[in-house]
Structure formats: structure tokens, C-alpha cells
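Following this line, the structures themselves.
Next come two complexes, and both contain chain A; in the first it sits with chain B, in the second with chain C.
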Partner chain A sequence: MTRVLLLLALVVGVWAPEAQAETDGPLVLWHSYRGAEEAALKASVAAFIESADGTPVEVLAIPNEALASKLQSAIPRGNGPDVFIFAHERVGGWSASGHIRALNPEAIGGEDRFFAETLASLRAARPASDAVPDPAPELWGAPLNFKSTALFYRTDLIETPPATTDELLALGAELKARDIYPLAYMAQSFYFHAAWYFGYGGTLFEPDAQGQQGFAGQGAIASFDFVAELQRQAFVPEEVTGALVASLFNNKKAAMVINGPWFLGEIADGVPWAIAPLPTVSATGLPARPFLTIEAAFISGYESPPERVARSESLVRWLTSPAEAIRRGRDGRQLVATQDAWLDEGLNNDKVLAAFLAQRATTKPMDSRPEMRLVWEPGDLALRKLLRGDTDGAGASVAAARRHSAISRPQPAESSPLPFIILAAGLLLGLIALIFRGIVAVRRRGEGKLALMGWRWIAPAMVTTTILVVVPFVVGLVLAFFAHKDGDWTFVGLAHFGDILSAGDYDVFEPLSFYYALLITVLWTAVNVALHVAIGLFLAILLNRPLLRLKPVYRVLLILPWAVPNYITALIWKGMFHKQYGAINGMLEGLGLDGISWFSNTGTAFFANVCTNAWLGFPFMMVVCLGALQSIPKDLYQAAAVDGASGWQRFRHVTLPLLRPALVPAVLLGIVWTFNQFNIVYLVSAGEPDNSTDILISEAYRWAFARQDQFGYAAAYAALIFVLLLGWSVISVRAAKRAEEVL
Partner chain B sequence: MGGVSQDTGGLGGKPSWWAQTWPHLILILASIVALYPILWVVKTALSPGQALSADPNPFPTDVTWEHFAAITGAEGFWTQAKNSLIVSGATMFVGVFFSTTAAYAFSRFRFPGRQVALTGFLLTQIFPGVVMMIPLYILLDVAGLLDSLLGLVLVYSTTAIPFSTWMLKGYFDTIPKELEEAALIDGADRWTIFYRVVLPLAKPALAVTALFSFMTAWNEFILAATFMNDAELFTLPVALQRFVGEHQTEWGKFAAGAILTSIPVMALFYALQKHLVGGLTAGGVKG
Partner chain C sequence: MANVELKAVHKRYGDVHVVKGIDLHVADGEFLVLVGPSGCGKSTTLRMIAGLESVTEGTIHMDGRRVDTLPPKDRDIGMVFQSYALYPHMTVRQNLAFGLKLRKTDKSLIADRVHEAARMLGIDALLDRRPKALSGGQRQRVAMGRAIVRRPTAFLFDEPLSNLDAALRVKMRAELAALHRRLGTTMVYVTHDQVEAMTLANRIAVLERGVLQQVGPALELYHRPANRFVAGFIGSPAMNIVDGSLRDGKFTLGGVTLLAPEAWAANRDEGSCGIGIRPHSLTLAEPGEGTVDGVVSVVEPMGWEAMVHVDPPAASGIGPLVVQVTGATSLPAAGETVAVSIDLKHAHLFAASGGETLHSPDPA
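Presenting the complex of A and B:
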């Protein structure tokens, strides 16, 4: 009965009409604000609904991490919002792919309403075409707020904040003598480093004074050397995370912090502090220029009736109006982009807001062209290398430039899909013929009834699983033959596969080459699964002892690592492996050993990842083993004991063989899951050092999400991973079958 | 248990003091390792402010309940908790019910296509999800299953069912066929045997698959946040992930939320564990 209903539901579902954009119905607004910022936005929207315009608006708050992918899925299907609030960084890509609509400046209150530099980042030209060979830039979003970093300092440690980097270094020597870190900030992140980078005269897309550009420029190298000097003199702590910055500042162990307005929520009560603009770089006389990012309101690019677009525009106009900007500034403490709002006393008298407004004069608006998204990875790589002491400024610059060229992959030439279509059609026909032959053979053998019975029993599970997997799987496989750029797909044949298998711009045994990553992945999978099974089985056997007391207590305690969301526990493990403040080095030092710099070395970083994943994964295997152990009849142990078998012999000859049938599935699937499980690597070592602990799937994710949305290339990675695992599983299923008729 | 204990390694007699003690020592050590990182979660949840504790002391100095109060008092918390329970509970039932029949057929019938189908279940887990999101979204949209908890349950089931089927099949294989053959001779049909004879014996494996299926759905947020357009349909992990911002995470609230979301898992496990140690050999041995 369930089967019939399910099939019916699917059949009806397939013919359901696509959602139509309605003229009426409330406007939909998506955002990812929280706390006071969210409250201010909601109040603004409520006031909009009450105003003469009187349009109902639905507001939906979405986790920041899911917002971009949700927008990209929903907007082309007509399920997206009318208006959404997002950082400006994707304007280049989304304007080309049609996810957002170009705005008429007059419809959102005129360009004069905003600070000029907040508009710059929101402009982009449409791709050139035959009709318009040289398109003029257009405005794609309405700036709401701007953000940048500035210098926070403890007023009980510093009277006047340093105005130049020389003053900073002088002050540093003094503070260091008192065992206080002069400065704490995320030095390994290019976002934070950018202030020094531009202060030293570095450029990203324009040629600098020497005609160089990007990471190879003199300014870039000088800025890297400056950071290396900060690290060498121990003016900044090592392996800095956001949590460490807050903790050092709150505990009076760091005097200054470079951070953005979001840091306000992390400063503990009772800490005396103030904000100042970042110092001027003494060597160049230029101010340190942090990135300026813009949060803007965008109107969805999905085809929508003109009246609806007009209502969306009036909502955006409302949100950017001085009155609503003042509300956001006063209640949400946001740095609003509407100029006239700053005439308000409440905003002007707010020392925090005023300090960031002052910093705005010396910021660098972050570029919105898609190429900007290729800057972060090389920048972070260079800084991490530098801070580990592996190289100097010049070496870091070379490393960054090399990575930048490796990931700025030119689009492969278009190729003809015809041979592939013929091949695919041939394969499909072959498959159909194979199935048909199989059915005929079954009929001839008179097994038709048996087959029907078997398939009826497995149908509910089969239907549910395959429909939702097979279709996306086939689509994914097909995508591997296409290149994606700004919403356009070009057929490129096997070009992606060729690039990946020839290791592209990397040496064969260098991190990020397919073969090196494969080696690490196999090692990662083997070690993890072995540990999960060994620890899980061992604990399960202990817990299975008939006379053991307190079993329920142990069982519940031991499953905790599985029960608590791993996003937080993985980061806590990362903290435990911290070189200076981690509990693990604390223990080593307690034993009289030297602390280890866990993430500067491939072996130790891999070890840290494995520890975390073993801790996260053993409870699952323990539960599986506990269940499986119940299938072993106890009288077998008695018989073995009567025969005088030792504990180990009983384990080896009774427990293990009888456990096999129930354990094999968990091991097989454990291998598949671990092979593709990159989030622990991402959270703990983050691939350090130099991506040498990254596994295959990490690369696929980077190409799909961090490097210009190269979905086709990512799909090719996924397809190769599939082929590898397929080959492995066919072999191991056969082996298991031959060995013991398990299947 | 007939007077013979696994503890002694010999015949009869009471286990020695040491044989009774060492398993406790190991289990206590393992429990400490399991608990130690979680103490920081608890500390972060109970300390004022939103910073993730970075100092080596795992015990809180100032205790506040504000984060727990902020979570449970937040708009929609109880709706999200309800949604999470519905989705995870339904995934658990779909996972267990659909896979038991399939697993039984795989274990007992040698029907044509069996090997292909069994391998097919494994294959569904192999393709990395990285490029499947947008096709899956379109598929659910076409089927009218976006914005519905049912759609989410079906998606989660694609992970829950293959594992459960394989796990249960392995377990069914260990149950002697003689029991069923006797019942068949007595004139019982397959369904009756399946429900009356086999399922009760497979309780430990059912408990494992139930817990696993529940967990597949319980902590997932990316798909849930992408497929639902209505805040009324969000699940707890979606709400929890909202505390993670682009630049800054509200760790106090996140930790409190993480602890709250793990409580139902513990409760479920506690309820299931008596079945984990029952089954085929339950006679005479109590856990």
C-alpha cells in the first residue's frame, strides 16, 4: 500500500506546475542578520508595512553559511526572495548570471544618498555582447551598511594609540617586556592582512608604482616582511583564531586588536577599551587601508511583474532612507551607508560608530569582480607559510603568485558534444539490452516469480533511495563535461579530466595534485576506519561483559561525542592542539616534554585531524558492534571456555568470525563516508601546512564554491572520486563474497 | 549463564578482583576522553559573553544561564524543536521500516538481480554531494516537495536506508534459518514469519539502525536551510547555525544550543539501549 501511495505521489508531483511569480502576495525579504541588527531590520520592515505604501512583507532569516547556496538554487527556479541582503562580494558573478537585477538609481533614492565609496563596489558591467561591445557599468545593489576593521585598544594598557607603524613597534617592545602581546589579530587571514598590504603600496588588479601587480609587487613583499617581523619579535601570538583574540584581549594579555565592529559582542564587561583608526605605515607614509565591505539590498533577477519590481524598489528605497538608516545605526549599531543619517546626534555621539566612520576615509573598497574570489586562497597561503617561518616576504609572494595562477584556470576550448552523445546513447542502449537479456534469461530459467517476489520486498527502499539519488547523480556526471562561467555552460568534453589527471599546475607529489591528495585520502580513510572499528569494538566487548556494573552510564557517556553537533566539538579539538594555549601541549609540558607546533608539519597536523575524527566516530562503531555482538550465541563462548581457549583465542576464533556479517556493512559504508568527509579536515587543520593534509573532496568543494563557481571542474573531481570508489567497492564486494559468502 | 563467565577465562568460579576492576578502569578512562572536549562546550554555554573558551581550564568560573534562556526563549524555538523531532522521527521510521523488508529479502531470498540491487544501495552513498545540491533542488521543486517536511525526510532517507538495509541484512544473516523453516512447515506465510519470528530476534540491529537514521536527520542544516522557505518549517540545526556569522560566532548561544540538541539523542539512546542488548541470546542474560 505504501508503495502505491509513494508512486502516486511521485507521479502527481512530476506534473505539478512550476511556481509562477505572482503580482500580488507579500514581498519576501531574505537576510542573515542576528541579534540587534535583526531586530532593527524587522522594526524597519514593520514601519514600511505601516507606511502609506502598505505592502505586506515576509522576512526570513537564514544562516549565513547557507544563504549564498540557497539563493543560487532558489532564484532561477522562481522560489527566491524579492529582495535580499548580502555582502557585495558576489556582485560581479551574480550580475552576469542574472541572479540580481540592475537598479535604477532614482528608484532607490538617488546616488547622492550614499557615500560614494560604498557605491563603487556595487557597480559592474554586463558581459560584452555583439550588440553592446563595451557595456557601461551599472548599479546592482543599494548599500545599507559598510564594514571594515579598525584598531581596538585597552585604555588601561595604552594611553594614546600608535599613529604610525614605528610607534607601534616601539610600543610593542615596551609591552612585550611586560609580557603582554602588543597586537592580536588573525594575521594568517588575507582579509585582515589587507590593511598592511595596501598600506605598503601593494595592489591587486591595478599596476603599482613599479608596474607590477598582484602578489608579485614590491608593496606586497614589504607587507609580508612586516608581518614576519611582528611574528619574529613575538609581537603577535601564534596560530591566532577569533576565539583566541577575544580571550587574550579580555584577559589583559593583548593590548591591541585589529578587528571589525562584530568584535564588540566579544569584549567582556568591565574591560576598558577604545577604538582608533589603523596606524600609518612609516615606510611609505600611506595609511594602513583595511578592506571596506558593503552590505547591500539586492532585487532578485527572476522575471517578475513590473508592479512587483516597483514594490521591491520602494522597499529598498525605504530601507536606505535616512530615517531607517538612523534606526539601524542607533538600534542595530550598524555603520550605515546613507550620508544624511550621520547628521543624527545619536550616531555621531556613538564613539564606536564615529571611530569606524573615521576609518572609512582610509579604507580600500573590496573589488566586486569575480576575480576577487581568487585572491583569498593565495593570500592566506602566503601568510600561513610566512607565519610558520617557512619563508620570507619574497618567498611568500612567489608562493601566492603561483597559487593564484594555478587556480585562475582558463576556460578550456569548446568541443563538439556529438561523439559523446553517440557514446552515451550507445551505453544507454547497451544497458537496456543487458537488462532485457537478464529478464529474458530469468524467464527462461523460470525464476520470474522469484524475482518478482524479491523485488517487491525491496521496492519501498529502492524507490525512495534511487529516485532522489539517481537523477542528481546523472546530472552531476553530465556537468563534469561542461565548464561553468557566470551562469553559462560550455561543453568541453574531457578537458577537466585531462587537467585533473595531469595534475594541472602542480607537481605529481605536491599537495593539491590529484595523486598526492589521493594518497592522503586513502591514508585518512584507512587510519580512521581502522581506529573507529578497533576502539568501537574494544569498548563494545567490554560493555558486553555480563557481570559489568554501571553499563547504562558508560554507554550513555561514551556516545556523547556522536550526539553533540561536531561543528563546535571539532573546533574545540583544534583549540586543544593549539601550540601555546592548547590542553595537549599543556599536558606534554606537564610531563616535562616540549610542546609541539601541531599544524606546522604534515605528520602532526594529520595526527590532529585523525584524533578528532576518531573521537567523533568511535561511538557510532561502538553502537554497531554492541548490536552485532548480540548475534553471537553465548553457548559458543561456554564451549570455547570448556575447550580451554584463552581470551584472545575466543576473540579471534569466536567473536571475530561471527561478528563479520554484521560488521562488514558498517565498515564498507564507513570507508565510503570517510573518503568523502572533508569537514573535519577543514575545521581542524584547514589543510595546513600548505594544503598537505587536504583530501580529494576538499579540492572539489574549493572549485565549486571558493574559486569562481567552477561547478563543471568540481563535478569532474566528484566523478573521478565516484569511479575510484566504484572500482574499490566492486573489488571488495567480490572479495568478501568469495571469502565467506557474506553477501 | 550456566556458571561460566567470560571474565575468568577459566572454568566456573567467581571472577577475580582484578578481572572485575580493569574493565572499569578502561571504561572510566574512555569516558574521560569522551567527556573532556565536551566540558568546554558546557563551559562555553555557561560562561557569560560569546567567546569560545581558549584557556586550558575546562571548568566555568562565572556561571550564567542566560544563553540557555536566550535559546529556549527565542521566537520559534519550540516550533523548530517540534519540526526536528518530526523530521528525525519520520526519517527513523522510514529508515527502519523500508529497510527491514529489503534487508530480509536480501538475506533470505536468492532472487535474480539481488546482487545488482545490493551493490546499487552501496553506490548511492558513493557520489560526493558537492554538485548534487542544485539538481536535487530542482527535482524536489518539480515534485512539489520543497517547503515540505516530507521532502526533507525523503532526502535524509537516501542516507539512512542504504546503511540500515546493509546493517540489517548482515544481522539477519546471523539468525539461524531453522526457526523460520519450522514455522514455514507449520503453514505460516512469509510476512507472518518476518514479523513474528525474525523482527523480534533482530531487536539489537533495529535499535542501531533506528539511532543511526535518527542521527542522519538530527544535526543536518545545509539542506534543511536550502529546501525550506518558511521559518515555520526550519529545524533546530538551522536555528543553531544562525549563530555562526560571517565574521563572528555567538559561541555562548551556539554551545548552549548544541547541548540542548544533544539531549534528545541521549534520551533516545537511553530508551533504545535495552533493545541493544536483547535479541537472539537474551535468555538468561540481563544487561
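Presenting the complex of A and C:
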């Protein structure tokens, strides 16, 4: 009994809100730095502790991917760090939701301490209220470091870097003649494209010179046309990845690279290189303006005693002080936002740091409002369309604007949860009544004690399943009835389901429509499972031949695809389907055929996905078939041979029917797995082109994580997938039973 | 209907020589039983006839047509397996019809044949069941039915009765014999059970370690076994075989010397040799009054007759003896000491090396 109580305490403990932070106790600082940057931060904090007030500080490193969600769940419960270091991108949402505290500039050393550009993204207005209709923007974080892209170039190929885009194109023609890519960068990514976009006068949230806004503006179109021109002249390689950029640059196959400070670590020893600011756009006379991103120190927004807040502020002031900024710049090689730090010789003489400092002057501070997170997908979509040659700048602009409007769904109207609560309560009551009836029935039969004993046996499994499966499932289901925005949840009833099933703004047979994704998913599942069974069965029959030599070796080799983690396999296959450097096009070209741009076309991209998944999935079917084949008594074949059956007839009349009982459940299971095979679709085709190869689950993922956290909408997708699979499993359990009955 | 002829047939699995040159002629319509201890190569031989195993050396002819190079389906044989090998996913009807269906036989003809076979075997009520819903005996009949419907020129049986219980086995044995009389088809039947062999066979072929020992009618094998192996194998209870030596017309076994009968004159100085006496030719006597004394280890009363197992003392060099006592009213008890009387007039005489029979007594 005590153990049960303990377990209960544990379960409750998981949900129980934690106590408010006390006045004393060490300050807590969360960050996600590693390596030299982490060491520099730790040294800074140690120095802070030693300095005058000697306040203890606990420093906790949290993996980058987990930091945002940890902060989002801890801070509202009055838990989590006093101070944390994070990118500026969430300032808009978190300032509105109260996750972070507005800073008094004086308490952190005054605004003049920082480069003006680095403050821009950290400002946001408090939400307007009736009393203060249009409040002035406040400062929500103290900038520590900044980052942007700049132009890396090989000094053995280029003497002076191009100052304008015209110079760039002229230089390009020259280099191209020597079979060298003038410029390598991830042209299909809007983050990298932004430099051209703003250089051509494009805007995102403000109206441009013509009063246009966002992707529809003339500047946006011109920047798209510029990239199309780069691509048309083959000045940039195709289907670029980060690894490809580094390899081309290191191997003297690319003369210039647009990349950020993280590229430093990828340049090979012995490569002669330098950094320069990006060129000016000749057409507009404006500099190319890459995004400027900021890492800042934030103070958590929960209630905290004033002395404690004061101590947090003094820690932030300490960290942004010139002396500590110099330490971060020298030891961590970070681009610090504190102006006076750059008076330091060490920082000033560092050519790399100095070059990024110079680029800073022409950057575009990345907006921190939540809507920024709806920019990436349309931007990338437009660029990919363009680079595939599907459209021109104007068409790309239209596509981006259209996608932007589709994914920035207006929030559905709030609806009353009452009918749903009544319904849920009714269901719950019904469930309780059912359980009660069951108990009464059992007792009437005098099996009460026996049943109790049974329940005790399954209790551990039930408790674990409840915690690990039932609770998340119910939570997920409930989420589908809410709309999420910046940590706030609004009850919207069945609105999400309505939107999904009515296919929104899109045609029914266009990507992004639920029905299109369903069609692709069904096709995907059918083709894959058919291939799995066919290949698996074929190989199993080969392996099952009694006289085969080296059988164990083949068996191990053939199970290998299964043993390798599937995302690794997926990435390998993605590489093999690369248009310029992939093994598959290499083979085609070796045969005198043209290489195929696999991910430019729905059919070929789907084919690439299918190849990968067929490779991953056949071993399972092979093992199942091999097991089933080996359990077929040999004398059945002999009886059939005597009865006059040929080899094929024996397969047809003995092997196949006797495989059925093992194969049917395997196929049914395979269907469920393939239906939700997220990894392959996400990693191989990534939905390309234009999300036309996305399946339901990858579409749901995008709604949740790539389109401004529309968790509720994604949960509704997940619920629909669940309903589909539930229906399927009802059918399949029956089919499996029927198949087993044969033997 | 066909005769089957094996000429110098060998079978090797790699280095293992399993069948070592079999010459065997099965006459048209004959019921030939291939018998021998487990592992002697009976199934291998049968399967070579069926075409399920290749022949390493030698030839097989059926009705003068060479068949050992043909696949099973072109040999026109029917086979019944020890495990029955019924197709589990087919009904009895489908099992029976399978062979005809493969031969694209006319549907109504198939139905007729299936019904005929089912009636003959008494399984007409089972036609729509699957094998798993049948008892062992019923499955056995279906397996036979499957061979019958095709009307092959020869039937091959591989220990078809050994998975049945004793009572059913006796019954099925009789039905098999009846079936053979009725169909008159050539049958080659493999068993390790010599009782089955004796009751069913027109002729028996005894196989040991891949070598044919003797082929002949049951009684010939019983009364005139070609060698010590056949003598020990055929007949139930098995013959008592004792080693001794024959010198100067006197046979010595375990310290006892007996005068050899007149009929052994040709072998009066044979030296080491063996004798074989069937249990019913031995008699019990009071201790000291028989040929050799021994302790009764087991008594198996069977009503009209009884088997008494006697262990002579180890020093005598004589192994355990089985004495068949008929009609006796009082049997010795286990542990009692008795004497066993041996009368060499009823004994078979075997050569020491090779074990071939030197003399067999006249059946009296």
C-alpha cells in the first residue's frame, strides 16, 4: 500500500506547481552555449560572484532545441531561471505573454552601451490597452552578441571582393569560364536570400516605396529575379546544402560563400580566405542587407521580490559590461554588442571579428514579432520554385504571398466550451456506468475476489500505460479544440476540424489540402507496402533455398538496412538523389542519360521517397516471410510435386496460401507504420516540390512547428489521422483473424 | 499398373553412402513391403522411386520406361506420407481434387472420382472439413484418398500407419490390404514394423544399412532367413540368437556343450558361429535340469501364451533369452531361478563372419 501511495505521490508531483522563487538562494542562469563560448560565460559568471556583492549564481546549460519549450513551460509556473540567454526571435510573443520582464535601460548600463542595431529587435510595445492605446516600445532584453552573414572569399581566386552586384556578375562570368562556381550559398533558404531581398528594397512588415508590403513588393520581385539570374547563369550550384557549400569552397570549386560566423569552423586548414561585407545592389544602390540576429540576456517575467530582480539586473549589467564583453569576444570569439569592447586591441585586430563588425552597419535587424515565423515557409517556397525554373520573380512573389496567407490562418472565433463539457461529462458518466455494470456483473457471478486479483496483476502496466499513452493522447485530443497563440489557448470547438475538412483556401487537389495529403498518404502507403512484400518475399524465397552457400552472411547483410537508424539512411538516400553530386544521377550520366532533378517534380520526388522507404522496409517483410517459409512443412511441397505441381504451381497453391496467416498481420502493421512514416518524407523530399509529396503526418508537423506554433490545428490533424487509423485497425483485426483461421 | 525395377541404385549425400546398390523388381500388381530398422535407407529408396530424391547411381524403370530422370509429376505415382502432408488450407474435397485439378481434368470427372474415393474410404461426410478438424485416422484416409483419385500406376507408402494408435493401426492395416485387393495396383510400402510387413506383403524386402538383405514372401523370410539380421528382424517375438562354437560336431555355448544335430554335418568343424532359436522352440525346466540356468527378469502373460524373459548368469556369456510358453497354467515369478532347455534341432545356424545362414531347421 505504501508503495502505491509513493507512486501516487510521484504522479502528482509531476504536475504539481512548484513553489515561487524565494528571496534568497542563488540566482539561476540558463543558456545553451557549448565549448569556448560556454567557458567564456562561466568565467564571466565566476568573476561576477567574486565581485563586490558575491551573489551566488547557478549556471545551467540546456540543449538549444529544448531551451525554448523548457522556458515556456517553467516560467508561467514561477519556476525556471532568473536570467536566461536566448535569441531575440521570441521577444514579440514573450513580451506579450509575460514570459520576460521589460528592462529599465539604466539598470543594465544604459542604452548607449550597445550598438543601436542590436537593440532594434529587442524592443516591442506592451500590448495596447484601453488606458494606453499606443504604448512606446520597451526594451525586453540586453544584447550580448550579434550574428549576420557576410561574404567569405578565397584570396587565391579573387583579389578584391566585388563591391556591387554588377561587379559580382562580371567576376562570375570570368570564374565560370574557369569552371569555378563564383558563389555558393543556400540560395533556396530565405534566411540567406534576405540580404538580396532587402538590398533590392523589399520589405516584410512595413509598406515599401510603392506602398506594397511583404512578398508582393517590387523589391521582393526584383530580388527573386536576381537569384533566378544567378541560377540561369549557373553562378550558384544547385540543391545546395551547408556541407556542399563547405566542400566546394575548400576544394577551390567555389570562390565566394555567403555564410555566418559558424562557417569559420568548416573552412579547411590551408585554404587562403578573407571576409568582406556583402556587395551593394547595383540596381538600387542599396547595400545587400543580411538579417541581424541577437543573442540577449533576458530576465524571467514571473513575480519575484524586488531585491532579487535587482540582483538579476546587476548580473545582466555585469555580463554586458565592456570588460566581460571583451572576455567573450577574445575567449569565445563572439561578436559582442557592447560598443566599448571593440576598443580592445584583441577584438579590433581580429580580422574576422572586424569584418563582421563592419557588415553589422548594413544589416537588417530581424523582426521579433511572432509573425516573423510565418515568413520562412513562403520565402523558401518562392525560392525553390524559382531555382527549379518553375516560375519567374513575379510568379515566385505570388506563390509566396499565397502561401503566406494560407498558413497565417486567422484565428477561429472563440466558442463556448459548454456543449463539449456536457458531452465529455456524459461520455465520462457513461464510461463509469459501464465499469460499474461490469463490476456488478462480476460480483453477481461471485468472481469479485478473482477479478480484484486480476486488476492487481495488471495495475502496474495500466498505470504506466495511462501515464505514458492515455494522458498524452487525451491531452493531444483536447488540444485539437483549442487555438494556440504565443502561449495562450483559446477554445474554438470544432473550428479546426471544419477548416481542415473544408480544405481552407486551397483547391481540394492542391498541396496543403487535407484531401490531397490523404491521397498522397494512401498512395505512399500502398506503393511502399506492396514493394516491401514483393522484395521481402522474393529475397526470403532466395534465402530459403537449402543449398544456398553463405546463407548466414546474406541474411545479416539483408537485415542491415533495418538495423541502421532510419534517419541516417534517409539522409544517405537524399544525398544519392542530389541533382549534381548524387550517385544516382552519376550512374545515369555514366549510362549516357541525362541526370534528373529528382526533387523538382512530384513524381520523381515521390519516387525518391519510395526508394528510400522500400530499402528500409523490405527487411522486416523478409524476416517475416523467411520465418513463415521455414515453418511450412517440406513434405507439403513433396506431396504437391507428386500430385503433379510445377515449381510455380507449388508456389501458387502451397507457399502463398500458407504464408497468408503470417503475412496478413505483417502487412496490416506495415500499413500503419508506413502511413505515419514521417522521417523519410521529412528528410528525403522534405515535401518538395511545394509540399506536394508531404503526407498527413508531415503536414501536421509543419502546422505545429514551422507555421507559428499552430498546435491546435496540428492536433486536429493528428486526431483525424488517429480516426483514420482506428478505422483501419478495426478492419485489419478482422482480416487478421480470418487469415489465421485457415490453419 | 506397372512393374517397378531398380537396378544397382545408389544414393550418396556428400560422403554419406546411404543406399548401396539396390536391385529390386516389383511385379505388376504386387504389394511389396520394404522393411528395416530406422535409418537404413527405406524412405530414401522410396523417395528415389517417387522422384523426390535424385538417384546417385543406377537406374529405375517403370514398365520398361526409364523414370529416374523424370520429375515426380511425370512418373504417374501416388504417395502417402507418414505425416500425411495434407494441405492445411484446403478442404478435404480440395485436397482430394488437387492432383486432378492440376492435370486440368474435367470438373464433373473430378467430382465423380472424389466421391468414389471418398465412399471407398468412408470419408464422404468429411468432404467440406479442413484437415485440422479431422482425427488422425480420418487424415490417414484422406491422404490415401488423395493418392487414389488420380488412379496412378503405382502407390508408394512411407510408414503411413505409424502415427496411429495401436487399435487403429490394426484396423487400417486390414483396410489397406482390402484396398490393394480391390484396386490391384502395384504398391511399395515402407515400414520399420515387421508385423505390418508380414501381414500386408506379397513379398518383403529387408533392408539394412542401405543393403538389401533378402527379398521374398513373408513365410520364406520367417523360416529361411538369409542371414542372422533377417532372422533377428523378422518374427515377433524376436528370435533368440546366441554365440558359441562348433567343433567336432559339438556345439559349446556358455560352458555347456551340446551335440549338434545330424543336419549340421557339413559344418561340424565350423568354429565360432551363432545359433538362433525362436522363443516358442525353447522350453522351461526346473533349475539344473535344462541347458542353462537363469533368473526370470520379466514375465509377460498374454492369456493363451506368455513371454518369460530369463537372464543367464553373466559368467555364462549368454545374453537374455525369451521363452514363449503356451497354455501353461502356472508361470514362474520374476526373480525365480529356472532352467532353459535348448534343442538344437530347432536352431538356425549362422556363420560368425557375415552372419549368413548355414542351416535352417525344417518348419514343423
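Basically, the second predicted complex is superposed on the first by the 567 of 743 C-alpha atoms of A that agree within 3 Å, B and C clash if a C-alpha of one lies under 4 Å from a C-alpha of the other, contacts with A are read in each partner's own complex, and residues count from 1 in each chain.
We adopt the following convention: a residue touches a chain if its C-beta (ideal position, glycine included) is under 8 Å from a C-beta of that chain, and two chains touch if they have at least 3 such contacts.
Predicted model, so just to flag it, every value in this text is computed and none were measured.
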Discussion item. On the A-aligned overlay, A:Pro657 touches which partner chain: chain B = first, chain C = second, or both, or neither?
Written reply: second
Discussion item. Tell me the contact category for A:Asp643 with respect to chain B and chain C: first, second, both or neither.
Written reply: second
Item to complete: May I ask you to decide whether A:Ala136 touches chain B, chain C, both, or neither, giving the answer as first, second, both or neither?
Response: neither
Worksheet item: Should A:Pro633 be classified as contacting the first partner (chain B), the second (chain C), both, or neither?
Response: both
Worksheet item: Of chain B and chain C, which one touches more residues of chain A?
Response: B
Discussion item. Quick one: is A:Trp573 in contact with chain B, with chain C, with both, or with neither? Answer first, second, both or neither.
Written reply: first
Practice prompt. Take the contacts of chain A with chain B and those with chain C, and give the residues found in both.
Written response: 633, 635, 638, 641-642, 646, 658, 742-743
Worksheet, complete the sentence: Given the complex, residues on chain A that touch chain C span 633, 635-636, 638-646, 649, 653-654, 657-658, 660, 742-743
Worksheet entry | Touching residues on chain C, where the partner in the complex is chain A | 47, 50-52, 71-73, 77-79, 81, 83, 85-89, 98-99, 102-103, 130, 132, 146, 150
